[in-house]
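Two complexes follow with chain A in common, the first pairing it with chain B and the second with chain C.
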Partner chain A sequence: MKGRRDYVRLSGRLFVPLLLPAILLIVWQIVVSLGVYPEFIIPSPLAVFEKFVEVLGNGRLLTNTWATLSQTLVGLVIGVLGGVVLGYAIAKNRLLDDVLSPLVITLQSTPVVAYAPLLVIWFGSGPTSKIVTSALIVFFPMLMNTVVGLNSVPASLRDLMRSLRATPWQMFTHLEVPAAMPLLLGGLKVSATLAVIGSVVGEFVSARAGLGWLINDARYNFDTPLVLVAVFMLAVIARTLYALVGLLERRMLAWRR
Partner chain B sequence: MSHRGSRFLLILLLGLIFGPAVLAQDAPSSQTLFMTFVPNVQFSPVYIALEKGYFADAGLDITVEHGDEPLGVDLIAAGERQLGLISGEQLLTARGRGRPVVFVYEWFQRYPVAIVAPVESGIESVQDLAGRRVGIPGRFGASYSGLTALLAANGMTEQDVDLQEIGYNAPEVVCIGGVDAAVVYINNEPLQIENRAQQGDCGDVTGVNVFPVYDAADLVSNGIVTNEATIAEHPELVSAFVGAFDRALREAIDNPAEAYLLSLPYVEGLPSDDALTAALTTAADEQTAWLADNAGVDLAARAVRRAEILAGLKEQFDSDTLIQFEVLLATIDLWDADQLGLTEADSWALTQDVLLQMGFMEAPLDDLAAAYTNDFLPAANGE
Partner chain C sequence: MILPRPIRTTSFPQRTESDVTSVSLAAQQLSVTYTLAGNRPLPALGPTTFAIPAGQFVCLVGPSGCGKSTLVRALAGLEQPTSGTALVADRPVVEPPAQVGIMFQDANLMPWRTVLDNMALPLELTGVARDEREQAVFDLLPQLGLSEFAHAYPGDLSGGMAQRVALGRVLVRRPGALLLDEPFGALDALTREQIGLDLLAFWRQEGQTILMVTHDIHEAVLLADRVLVMSRRPGRLLADIPVTLDRPRAISDTYHEAFGQIAAEVRTAIERA
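Right after this comes the complex of A and B.
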């Protein structure tokens, strides 16, 4: 009986996430079949699948997916490291907080798309400008989450550590890092998806490869199925990165359960 | 109910049924005109038609919207918009992908793309570009088509140059030496680079060489585009718009100072201090008088006259103040022709060949002639 219940529960967990995409696919096909919009505006799922197979077969999809993914990952690492390091410094230093916080908040509220063309001029049309765009878009949420995470450590716990004569390093490793970890990982989850956006924004401005470039190319060639294939791949990258951070979160925060 | 009362109800009922239809006949047709880029003095014919009420006289209530070209083509193809200013090669690519869009008026008679190279680069001909770094906004759109046609006309291909995608940043990238040459719009970036060079604000660049595409290939450029359904169901709408646009375009060509002044309410940041406005107003009045005395002058005489107007203004104002007026004049050179709006079969065939060579079209259109028409030209309508 218990085995059957587990089987049903497992099937449900596997099936439920697929339910919404399946419904969307059916609605999509119905909209196309009813001819609400011409097929050049909303192509059929089959046309998109055929395009997917075509660009997968000729290597175009993988080449451009790798370009975006590699830029995204490098940008993510740089942005996360930068955000955490500066965030720690700001959380620990009142003067630095007073000096940098207004600037950080201002920059954070400036859409990266507004200054992305400048980044292309400064760093060239190659991968560097996309990595910088990606790193910048990741940097601010990581920084903010680090500051908030460290500031959220209860004062009573700090007092306890001090009463136990903990060194600064012990304070860092045994109190601050574990206490800030939920917020840091929350920031990392958001950053993983933002990094993809940063990369694509850079590719939209100017690029030689990448899924953003592929979307632009497809749009100027009026190849709507290819646009949708590239969008689908972007969604897959973002979802995969999000899931990987989710796994990391489960491992690192296992002590909380 | 009394006899009077029932008559009143009958009139009210008829009014409710037919009133909106009668009102709709008299009300101007509301249309959103799709244009690429951003508000710019290069769209002055539209601003003239709006300011002088030519659209309104034609029964049209026109609102302008800007966006990128593929979006505009799709909106027109889907019938969400009826009219747009779109390039010929985009229209052909779109028709190749099943979009029922049609070109009805060739606004730019000469293709506006060129390659610009600093004189210091030593590039003095298209052949000199071999192996050199050439910047381009991207491998799409008019710039890419123009480059392909220009290289092909000189026995070269894209593989002969080191093509670098730089976005729409040619002046900056050329000035910092990021590329040896760049594909640009001939009526804009060369002037901007030269202006910066004159002010010592362009690195080592002191001047530029310009290689226009139109010297090598007669490609179809920007024009008025609509869709097949509008042509079939509302040809009067297309005629009305084309007629009003044509009238405004002629006036922009004839009197650029007036065109500039009428563009001011639409183009943010267009230089317009009191002195410049006064000088342009004087120039516009003088040009009106000159036109009255010189009706029917030819294309060359109009160009000479425009150059004289610019020379006069240059004696009073610096290049920064006049840069957008110069852009307008350079653009007018691309518009002016013996017969405005006329689009020719040979240009379409050549444009299609270039698109096929670039791989933007997989096969020639079954019926290339269906992509364009001269039926709506005011002359063709006997206006």
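Right after this comes the complex of A and C.
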């Protein structure tokens, strides 16, 4: 009985999230069938699927997906490391906090889209400018979460570690890192999706490859199905990265369940 | 006045071979003044002078906010004295001494570590190998009543069990002196009585020096060799009352007249505070 109920619940958990997309797909097909909009504005799901198979076959899809994905991952790693390191320095050093925080908050409030063209001017239209855009967009939330995470370490646990004569390094590895971990992973989760945005914004400004570039290119050629295929691929990348961090979170924060 | 039962003289318990070297605790004209916002001074403690010989179990009572915690924290090296000296093993405390273990009012466990890893933390920090430190924890678990909880997380423990883990964590390093800052204050009466007796059992085995802050007169008289009474803030020593009851002690001792007399003496001293 129990096994059967588990089975029903598991299939329910897999099925329910698919329900809404399935309904949307049906509505989409109905709208297209009614013929209200021309095909180049709303192509049919089938046309999009055929385009998907076509660009998958001739390698265009994977080449551009890889371009975006690699820039995103490199940018993510650089931005996360930079944010955590500077966040740690700010949390530990009052002077650095006073000097850097106003600047950091101002930069964070400025939309990336606004200064992305500058980054392309400075770093060229190759992958570098996209990596920098990704890294920058990831950097700020990571820095903030690191500062908040480190400030949330309970004073009583610091006292405990001091009474146990912990070295500064042990204070870091045995207390600060694990105590800040929920916030660090929360920041990483947000960052994973932001990094994709950073790459695409860079590609929109100027690029020679990538899904953002593919979207722009397809748009100029009125190839709406290809635009949709590229958007779909971006959604898959962002959702996968988000799920991977979620998995990491479940492993590392097992104690919270 | 003739007492129905003679007050028995205190005899130190017979100790079976213990490798713990207990250390003395003392304060000489120790005072701590905090600085509040706007540079206003808040005298929290003293000047206070006392000496606790190695191996003695002393309870410290007094009105709330009288600086009991400050005194304990100064002895633990967590608070710098404004004047005077805190002494551990006759040496002035300048940083947390290795021979001293402190236990706080909150269990203060790391929620991301299991019971086993929380208790092993002090040994982990001093570089004891994993096998060895886990063995040390497993040796302690049964006496703490935690045998089945080695792999539980603190979030799954009751308040009493969490405090037992904290007790295990302070004992695992086998310190020569324990500083206990109202360790059972947040527990219900039955739980705190039991955990107090368990503490006595550990003390009989190891013979460490214990200085324990409590607001419970009953608890102080049941456990201690001596009860120190502090005045209102800034706390000074008002009375030093010896507890002349036989050991080992049991809950039934609390119904004896001698117990009641000492408790009354402590209460009177506190009321004068």
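Definition applied: the second predicted complex is superposed on the first by the 256 of 257 C-alpha atoms of A that agree within 3 Å, B and C clash if a C-alpha of one lies under 4 Å from a C-alpha of the other, contacts with A are read in each partner's own complex, and residues count from 1 in each chain.
We adopt the following convention: a residue touches a chain if its C-beta (ideal position, glycine included) is under 8 Å from a C-beta of that chain, and two chains touch if they have at least 3 such contacts.
This structure is a prediction, so every number in the text was calculated from the model and none was measured.
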| item | value |
| --- | --- |
| First (chain B), second (chain C), both or neither touched by A:F40 | first |
| Contacts of A:W255 with chain B and chain C, given as first, second, both or neither | second |
| Partner chain(s) touched by A:Y220 [first = chain B, second = chain C, both, neither] | first |
| Partner chain(s) touched by A:Q170 [first = chain B, second = chain C, both, neither] | second |
| Partner chain(s) touched by A:R239 [first = chain B, second = chain C, both, neither] | neither |
| Which of chain B and chain C A:L160 touches, first, second, both or neither | second |
| First (chain B), second (chain C), both or neither touched by A:P178 | second |
| Touching partner for A:R9 - first (chain B), second (chain C), both, neither | neither |
| Which superposed partner A:A207 touches (first chain B, second chain C, both, neither) | first |
| Overlap of chain C and chain B interfaces on chain A (superposed complexes) | none |
| Contact footprint of chain B on chain A as seen in their complex | 37-41, 117, 120-121, 124-125, 205-208, 213, 216-217, 219-224 |
| Of all residues in chain C, those that touch chain A in their complex | 73, 76-78, 95-96, 98, 100-102, 104, 106, 108, 110-114, 121-122, 124-126, 153, 155, 173 |
| Complex contacts: residues of chain B adjacent to chain A | 68-71, 73-74, 77-78, 90, 93-94, 96-99, 137-141, 164-169, 172-173, 176, 178, 360 |
| Touch list for chain A against partner chain C, complex | 154, 156-157, 159-166, 170, 174-175, 178-179, 181, 253, 255-256 |
